[in-house]
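Labels run A, B, C and D following the written order; every chain starts at residue 1.
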Amino acid sequence: MLNSVLSIAAPLILAAVAGYLPFRAGILNIGLEGLMALGAFFGFIAAAASGFWLMGVLAGSLAGAMAAAFFAWTVLRLEANIFLSGLGLNLAAAGFLGIASQMAFGTKGVLRPAILNTSRTFPPDHGIIPVLAAGFAFTALMLIMSKTRWGHRVIAAGEAPETLENLGHPVKMVRLQTLVLSGIGCGAAGALLALDIGAYVPNMTGGRGWIALVALYIAGKSPLGLLATVLLFSAANATATVLQGMTGIPDSLLLASPFFITFLGLVAAGALRTLAESRQRRKERDLTADEVRG
Amino acid sequence: SPKEAQTEEAQQEAPGAVGSIAVFVPGVVAGSPTYEMMVEGVEAAARGKSGVEVSVVEGGFNQGEWLTKLSSLAASGRYDLIVTSNPAMPEICAEVSRSYPEARFLVLDGHIEGNPSIFTFRFNQREQGYLAGYFAGLVAREKQAEGTVKVGLIAGQEYPEMLRSIRPGYQQGAEAAAGTAELDFRVVGNWYDAGKGSELAGDMFRSGVNVILAIAGGANQGVISAAQEAGKGVIWFDSSGYDVAPGTVIGSTRIYLDRAAREMTLKAIEGELPFGSAESVGIAEGYITFITDHPAYTENLSQELREKLENHLEELKNGSVKVQE
Amino acid sequence: MPDSGGSIRARNIHKYFNHGEVKALDGAGINLRRGEIHGLLGENGSGKTTLVRCIAGMTRPDSGEILMDGIPAARHNRSKVSGKIAYIPQHPRLVPSLTVQEFLHLGMNPAGQGRDEAAGKIRRISERLRIDLPLATRGNRVPANLVTATMIVEALLKAPDFLILDEPSTSFTPLETENLFSLLQELAAEGMGILIVSHKIREVRQLAHRLTLLRKGKSIAETEARDLSLEEISRILMGTGDRAAELTPSSPGGICLEVRNLSKRSRESFIRNISFSLRRGEILALSGIRENGLDCLERILNASVQPDSGEILMAGGTPYPREPERIKMAGIAMVPSDRLESGAALGLPVMENAAVLVRKELSRYGILGEKKKESYTRELLSEYGISAHPRSLTSALSGGMLQRLILGREILSASGLVILCEPAWGLDVKGRLEVYQRILSLRDRGAGILLLASDIDEVLEIADRLLVLYNGEITAGFQRDQFDHGRIGEAMLGICGTGDGK
Amino acid sequence: MTKNRRILVISGGILLLLGLVLYVSPKPLEALTDLFTDPLRTPFAFGNLMATAGILTLSGAGIAVAMTSGSFNLGGEGQAYLGSLLPVLLLLALPGAPPALMIPLGLAAGAFGGSAMGWLSGIMREKIGTDELISSYLAAGAVIPIIDYLIAVPLRDPDSYLLSTPKIAEGFRLVRLLPPSQLTSGIFLALGAALLWWFLSRYTLMGYELRLSGANPRFASLSGIRVSRYRSGGMSISGALCGLAGALMSLGVYGAAVQGGTGGIGWNGIAVALIARYRPALILPAALFFAYLTQGLSAAVMASGISNEMGLLLQAAVFIAITAGEAGKGE
């Protein structure tokens, strides 16, 4: 169970970490899904052609970075609407991948190693690699955001862009950097997804980029909250998978449960926070009352 | 190229009943073996005849849009014949033919009778499910001599043909082979999430399933990945799947939808397709089978198992045994 | 005045907004030398902020020339010049989630400077400014005066050649302003070139060596400060002398606001046992350093927090509203101190902000056409000398124009109780005078006016009565005839306390 | 970059793509003419164009209402889906009732379903401070598979292979204006709603207060406006409009609730609202533009052999281009 939770969570964490940076810098990157898809395609091809999974991850990251840089150009330079442009990135990625796959391999369908005339498969215990990568990315994020000057600059770009500009750091540059990093992270996430399966399947990202976005929104500014949200969602998913094997609960109904559980988690978190706040307020009031008396 | 074809058409004056054909794919071609077969079959038929043009139109996954898209094909008046495949299509074609009675439809893998615009050609999917189930039962029984065996089925989504024909046929086949069999049926939720497919299959293998029939489009790839990791087997459906993952795909059923598409299209071109009637075929007619002549099949399975399967397949072919509806 | 020779020259700068509709700068220029303090004066909306932003590289002029040490700055953008030209904006903001310490490290030159070295530098500079920065506090909890101070420390960390300050003293107490000014004098003596924008002509004239006067986007004079008298400056700027508001004695009526034993403790600041009452026809000022209770009181009065104990009553003993929505329904006019957040919706057209209080009167059966809003707004704009189109975005208004808009809106529909927080922030001399005149006539029509202001000069000009808040408590009270700049200033700093002017 | 250069870059990009279309298409001329003329060529295509535009007008207005009130409705998809199911259930349950009564009731049921979902998100924000953007998205994410299941299993028409409920009685269907196209009398409802929203927003006190609440809630409440009421109200109205769009799909287009039948309404509504920059007067043209674009592309894809993928690329280019040059004001 823990294994499945982690393996579901790993690509989500990577994508969410990737989305976190531009999110914090004031740009919501709606295109995570498309970036992951590009990473999956190029990651698979490079890994299958070279036989090294690491090559796949590198190629996926590179593809993601380039697409993200293009996205950055549209929103930072052309000043296109962030939401529409992100939607455009997703559409363009889907369109581009279909055409590229058709031109290079004669099919828009599943790509297996055999299509590149290799029978190379990826290491059998590869399932651990995405988990390690996710763990590394998350730890790096925590350190960067709390300890480094660059991380603080990202926060400033999101919360007080004028001020950051005034300090001599071009806001657009910081945003560009976070976007490119998000491309790298999503590309790697997509590549690992494909390498985990050992094949490229069109649409195989299956909405993971969107889920990462939701997790970002739920967690807000807190990286730990982000981790908790992703883990909660993954646990709900893993539970649904196991429950499908037991009779009684309609299978397709269980597909709603990850959203439902996350929704309930959100309600619970909100209710708890509200409760805590009102208690805090009461405490403060008691304090003053004492002081006034004393 | 189509331009040359046009000039050829101008020179050669041999118009059949059908000059241009639209193939309407309710979904997308890539990743769906049956749709690939349909396109292949129609194109093969057209290749034999000069002056017949084929356009392939993908309708996408939203079944709500199929009616509109099919209507615009009919409305354009550009096509003498529209070929499509899917059990849901006959009713949609019937709806379209009410507004466009002059349009002609050839529907594979579906059934309707009495509409003068439509000819249908149905495959008995229950039989295909049964074959796969029989094989699954044999494999499971070989691994576990006593008690109830567990067989697996992963579908992309729950859809009528799956619930009505394939799943019950599969269960029935497994019981016929193994005596008592429990079916572990799970749903991915879409036709592409290979990661989810892998999760589901992994969990099924852990809970004692030895072999899984995968009918989940691209998500099948995840089932294969999980099977490779667990050292278990996968059964392929509709088309030969041994080459997809030799050694992991241990069995494969097949329907001859390509052949049917070619034959029926040819008939239509010659003007001999009896619109308004319907045909139904299965194992006995030779349109559904289990592929037994692939090395991956012979090499990975025991002599005994293969003999049992092939004998039963023979009985089904010659009609001495029938799949109960 | 040591003149080390280097300079920034801006010449014939033009800057237009809204596709040329608004001429913010129309051939402005300035000549800032190293080692001098240079004052930039002008009416509200005359283009001061725009000009200094061009010089600082925050805004790119449409045409004109900026020379640094005689060399044309080819692409004069912020990241290039930030090490040489430090800039403290008119509305400075820290980064809400970063502590002051983290913020100070943000802009530092990454090369060199270990943590200890940096900390030492920060300490030395804040000592020179005689201010204690709350290093561990997050940006969203730092009070306005310390925000400005933090920005100044940040700027000086880079040891810039030039320092530009856009109305820096608005949020400062007199003492803080004094400290700042003496620091500026030291820095100039060390060779830094300093440009300061201010409406406090008197102060600037004393501080600055030279002055540049701006009118309607044009530089109309650049002179030695002592060559012009105060009167001359005001005449040049807006054709009036620097007069005080004409005070008439007040004739207080019935009580319209009564505060009894009010206490509140929150994370930022607190008040303890505050009691006072306000009568119709008088102006009561509460003054002090903002976080000594002024801001806490404001938050209670605008109902964004509830007091822990005590009560507030209005005329006839009706309780004071406890929800923000009810304030206006209770007929209270209020000008908030954070104009950007609570005073207007900056993203909407000017007319939507101007007509908000009269929206019910303007509408009929729930129908409210744009024409009505627009014509109402036109009147308001001309009455208060606001140069803007009713349909242009409110965010395009200059600082002083926005303040006039808010004041005008509130005063026009005020009758009973009026609460004004820092009403003169950002106003030029003429605007101030006009506003004071209006407040006085409002008083004479029988309104009770509560003035929350940290600027003593402002308070002294129009208040009938003054209470000083120190450390959350009322520590002194003065009647108009007891007003004394020095004693009031001391009371605000907690050095002494007298009487109770209740 | 100056505005002119920006326009140059963008139109250059689109031209490049069009060139690519010409290059890859076996019938380049047909592809191009279909792209631009198909939606207007036949009454059938024109009817479909108007029908799609009408439905997008509703969902686009819905998203814009929420946005104007200061909320982001990311759940339009689920609201529309629920809005397409509820009226069908009602009409299937009472097949004998008089249509003149039942059709309005059905539409109301659709609006109610969407509105309830929007309201839930609004009230969650008010009571426990949960961002309505997330809660609306999650609620939709939970509701969609549940409705999928309901349509596929318990409510499915046993006589059909389509994943759909049984059809409602013919009498309950909205009147078709240009058969066999999808254009129904529902278009008037959409036009009416767009007009009403435009009028409300521009000429009423309520619209004024709603706009203020959205633009600066703190200032609005200090001005005596009940902001929380407008915010949850905005979400409810937004949900109602999306639900109504869904109801038009089921009562007008399909005559049944079809699995995935409302796919895209919510998302495309966001695109429409953004293209219109939330301005009430621009919602209708934006919806028309969007419908024209998608339908032209789909015609070009179907008839002229340009691939679906090419269509996606073109649509992406238009999305990016449509707002380029306007400083990004969205989130």
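By our rule, contacts are C-beta pairs under 8 Å (C-beta built on N, C-alpha and C of every residue); 3 or more make two chains touch, one makes a residue touch a chain.
From a predicted model like this one, the values you see are computed outputs, not experimental measurements.
Ranked by the number of C-beta pairs in contact, the top chain pair here is A-D. The most distant chain from chain B, with centres taken as the mean of CA atoms, is C. Distance between chain C and chain D, defined via averaged C-alpha coordinates, is recorded as 46 Å.
Once the centre of each chain is set as its mean CA position, chain A and chain C turn out to be 43 Å apart.
Averaged C-alpha coordinates give centres for chain B and chain D that are 35 Å from one another. Residue positions of chain B with contacts to 2 or more other chains are 28, 157-158, 189.
Annotation for chain A: residues touching 2 or more other chains are 108, 252, 255. Multi-chain contact residues of chain D, defined as those touching 2 or more other chains: 145, 149, 152-153, 308. Contact between chains, as defined at the top, is found for A-B, A-C, A-D, B-D, C-D.
Put simply, chain B touches chain D in their complex at residues 1-3, 28, 55, 57-58, 60-64, 67-69, 71-73, 75-76, 78, 86-88, 90-92, 98-100, 110, 157-161, 163, 189.
Residue ranges on chain D touching chain A, taken from their complex, read 1, 6, 9-10, 124, 127-131, 133-135, 137-139, 141-146, 148-149, 152-153, 267, 270-271, 274-275, 307-313, 315-331. On the chain D side of its complex with chain B, the touching residues are 26-27, 42, 44-45, 48, 145, 149, 152-153, 156, 160-164, 179-180, 182, 249, 253-254, 258-264, 298-299, 301-303, 305, 308. Listed in rising order, the residues of chain C touching chain D in the complex are 302, 323-329, 334, 336, 341-348, 352, 356-357, 359-360, 363, 366-370. Interface of chain A with chain D (complex): residues 28, 74-75, 77-85, 87-92, 94-99, 102, 108, 214, 217-218, 250, 252-253, 255-260, 262-263, 266-267, 269-271, 273-274.
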